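Structure first, commentary second.
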């Protein structure tokens, strides 16, 4: 603290968000009394051009050498203000954001208390900002190849897009051919067009590109590196592994159908008269049904394994309503005198043309019964379904020749392991978690890793295809820039203090720390380091510190509160 | 319609092999379960039903040991509004007549239109206290009451006679009725219900506060005393009737005859 | 918290899975889904209290186990019954059961001093009187008093003795476990029983409890707070003893036996295999399975206070269906592992006229036969 | 010479059995104590009854009045108080009946007479009259001692003393001269009500003929009904029979049905499920008929027949008919 700093504090009203609950005028005056604060001022919206201009002006005039903005949370606008000060050739890491919105105005109606707390937070921010040091980002070159994991419809579409953009693709498929679940679908809804034709065409287009390298019967078993410069390990059918250098990754591993045995009340696996929609699709496709006008009484049961807390799947699988409508309709066309019933809780016909298709199925003679059946058991040569027609309010029984369980979607086999390998995050149901449900549906919390199709959650073909196109675009954004920029907030090791014990290596989730065999000291691979600070907290000798969050900087923050 | 209902705490003996205690005059009470006398339970229910229909207040009253509080609390939980408990060791050994005197003294300070008691108590089975009380209070009474209909200034009742007969009477109030079991279906008194009345006040009285002298109650104030008790002779298990159909039938006829059936 | 919130009625999907699976909904005026709807729309449980089907529920808990929203419809019934109990508006037979339990510690109102009547000349030490043991064997009310069932604990005692298990019982101190009492809606009484039994368990110095009845087992393991106690249904211990070779059989039981899963053992606790393992271990015995077995087992209608309430249902009883199904598949014996199932199925055998052809046996009775215990 | 006073009881022109039972016991006590037996007969239009009663006592005191037409304890009490004051009996006997229960306690109280109710036996020991009564629902018997007094009163349990041994004494009829000074408007008799016919309440019946699953088929019910009718009883059942709807639920005995306490309970083909036993074990006399000698019903029954009910019922029907001379 040898040098005396000149701190500028800019307080934001955020309209009424902050201004309505904090006495800003009073706060401005209070802040002026904090040592080294040379500017304390307020603006209706600091993030507005006018607000940013005021900061820039103060920097231009050389009035300040440290900037504090007291406004919303850093997640919201830290980047905005860092960019703002950089434009004045001011190091963005000499900037401190203080959150007085989420922390103060939004959580109390007591203006006095909120104003006082805001003052305390600003005081701490000012104390810290004075200890900050300038930091500079690093740039790395990019390998313009995308690893696409999964050769189903999502993988095929995404890979094709990337290839067509002029980049390369490494496509890894677990099965011995491309196509995934789309291969097993006969006709698609709502137009009853054969999916196979469409799929065949897409695969042909994909394979016509020279930049494609395909690994069939293979799995991704390892990943290291950092965005733009990953190295993936691929295990092939013969158990040999190869490594591929890649710049980004798209996961398109799809789903697996729910195992109906987990709903024992439906007797699946105990009777051949109980099948799933997956098996029904095959039967319809093979044309083996109704060689003798059988079955006469078919009952579809919706939501098997979906919307069901009792087996832990709370979510809707989104496609089953339409799959059943399609299968019921086709069945009715195949065996016109069959009685086809569909047990449902709600019919979710949300897509374009879906409601119309549902109506078409109804008009074809399919009986929709609102009720979630509870039991299926054998009675003579029929299967007896116990249910309540909730619209009639009547518990009843229905004897069927064939019961079709409309099974939902679950995360694909091995999804958990892959999530682990790729250092991605699983959602509560085991699907890949997107970075933001609305604003980052194709991104993950791992930079350079994107998701498409049912690996993120159940969806139908149109949604899957749309996501695949989107993921392809997201995955190639770096490639257009030829470089990746790495934030400088990373761990740093004081080699004089480090004993090379390796504790930090074991704690690091990103594999960024390694032992320098020669020096017997740990080193940080800065490009990989995410700046989480876990190593710094773990290091027994205090050799590791996190830039921008050095102990002195954090202590100053705390002291600011306590002073 | 203010109602006083008299209740008694008695042991449940239905399944128990009762033992005579060392005095030879009473039973061993150890291990016995006590509760409200069944007939009294019907009486409390009837009182509460009358109150629910016609308004007024129900006061439950009991004479007995401190443990009698459980039956008085139960009456409160069932719907009685007030409770009076007369406890005095000097009243021990009272016969039905002496108990009626205690009740009469206690009731003098409580306003009422009708008094209900059970027909009899499970323990002594005298069927005497209620009617004696009516006489002491100088009010009309009816026993074995199976239906009560409240009318202006009078009550229309049915009482049970032998042989499936009943008679209908009208009795002017104030009056006392002894209630026959089956007159109603007493409601269930839940543990929660009892907990809710745990803090309700129960007025306590002793001979002094009632203005009774010790020689008016207890053995001294009683007309009868139990000199000794003893279990009735019993046989175990069924006596198997054997022989030809006709012989067996004849033996059954003897049983019928002994039972007064034919 | 009001009734609607407590029972999460706002979250009901009205899908009907509860009513569809209800073992009595086809023959009784009980529709739990619509009942929940009534209460939700009426804003209070009062609107449902006159439903004639309230005493038909067997609390088999299919509705709760299968509810896709994780609600507990069977607890809604218990809640509604609790309202009736608090208002005193319960059937006479239920009143008798509740008062009997309050006064004598068992729903039949039998004398406490006769609770050890089942013993006959079986020697069982009474814990806390005659020292400690490894296991506390909780007999249960029905096996203690019902002459048809009194054999069951006698057999188990003999088996435990043979296997060298150190056990004792609470003797006349044992009181009703309260499982059925709670389900009849008498929450206060249940709490008192729980307190009393827990006190006796603690005083016994035992850390493991064995039950005859799945109903006792259920409440001890899920509704008591028996931290540090191991609670087992006898089938669990017996299956282990057979596996470990502690129990061996000397006679063959050459019968086709079909096993009936009790709700409080099977569905509610997923104890499906131990009873079957015991039966399979009996020499000569051929184990058959109902189509409706395990998770789909048909409730016998003996639970949830139904032993003391007739309910308003009409038509064929489930126990009759069960007996007929067993007969049709060629079974010679129906075996079960629950005192209530045993009694209701025996009733079913009587009313279907199949009493002679279709004897109902506790698993323990078959074990006793195979072990050569002819005199128990 | 002091006398023993017996209040005879009658209803709707019919002498009640209890009156004869009391007279029989009264004769015995009179002999033992060397006293005279005096009957009291109050009512309206009772002359013919007086003629019958006088055969068994030394004196019969008769009073006829409209106020005495139907039993009303208030005018009865006043007449009896008067008679007791006049005649100073040493012992007054009444029935422990609906009649006596209403009358005896207030009468005794008003007259200061020690009273023992519901007695099944009366002994004479020296000068003392010692009544015996039951307590705790019949589980204990009690010997009761009276406080010394010129007069004692006892109500007698019906059926305790056989009326058969009555001796002819042929006493004299004396008219009671008593003047009512009030109209007893505060307690008025309205009417007798007979239990509705067809309205079967098994809890009220004195005789229950109960059938269980052993009946086999509902077709066999009529013969059981016939027997019940002959015995003046009604048919009850165990749970399986009600479950079959062969008989309505109201007829079911047991913990889930009704608890009954008849004088006679005959169980046909009922093995004795515990819950059933709980509902009927307190019947005064229980006869069980079952094929299975080990049936639990035999543990509560007083008499047992190990046989097929299909054989037993017809032979009983025949025998009852024979006895009844029908």
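By letter and in written order, the chains are A, B, C and D; residue numbering begins at 1 in each of them.
FYI, contacts are C-beta pairs under 8 Å (C-beta built on N, C-alpha and C of every residue); 3 or more make two chains touch, one makes a residue touch a chain.
Every value quoted in this text rests on a predicted model; they were computed, and no experiment measured them.
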(request) Specify the chain most distant from chain B by Cα centroid. (result) A
(request) List the centre-to-centre spacing of chain C and chain D in whole Å, with centres computed as mean CA coordinates. (result) 45
(request) Provide the C-alpha centroid distance between chain B and chain D, rounded to the nearest whole angstrom. (result) 21
(message) How many angstrom lie between the centres of chain A and chain D, each centre taken as the mean Cα position?
(response) 89
(request) Find the geometric centre of each of chain A and chain C from their Cα atoms only, then give the gap between the two centres in Å, rounded to an integer. (result) 48
(request) Please list all residues of chain C that touch 2 or more other chains. (result) 109-110
(message) Two-or-more-chain contact residues of chain D, please, as numbers and ranges.
(response) 299
(request) Please set out, as single numbers or ranges, the residues of chain A touching at least two other chains. (result) none
(request) For this structure, give each pair of chains that are touching. (result) A-C, B-C, B-D, C-D
(request) Write out the stretch or stretches of chain C touching chain B in their complex. (result) 85-90, 92, 94-95, 98-99, 102-104, 109-114, 186-189, 191-192
(request) Under the touch definition given earlier, write down the residues of chain A that touch chain C in their complex. (result) 264-265, 267, 270, 303, 307-310, 345, 370-375, 377-378, 386-390, 393, 395-397
(message) Under the stated contact criterion, what part of chain D meets chain C in this complex?
(response) 213, 216, 239-240, 243-245, 249, 255-257, 259, 272-275, 278, 296, 299
(request) Going by the contact rule at the top, pick out the chain C residues touching chain A in the complex. (result) 13-22, 25-26, 31, 33-34, 62, 65-70, 291-292, 294-296
(message) Which stretch or stretches of chain D touch chain B in the complex?
(response) 11, 16, 70-74, 96-98, 101-102, 104-106, 108-110, 113-118, 130, 133-147, 149, 158-159, 185-195, 203-204, 206-207, 231-233, 263-264, 282, 284-288, 293, 298-307, 311-312, 315-316, 318-320, 323-324
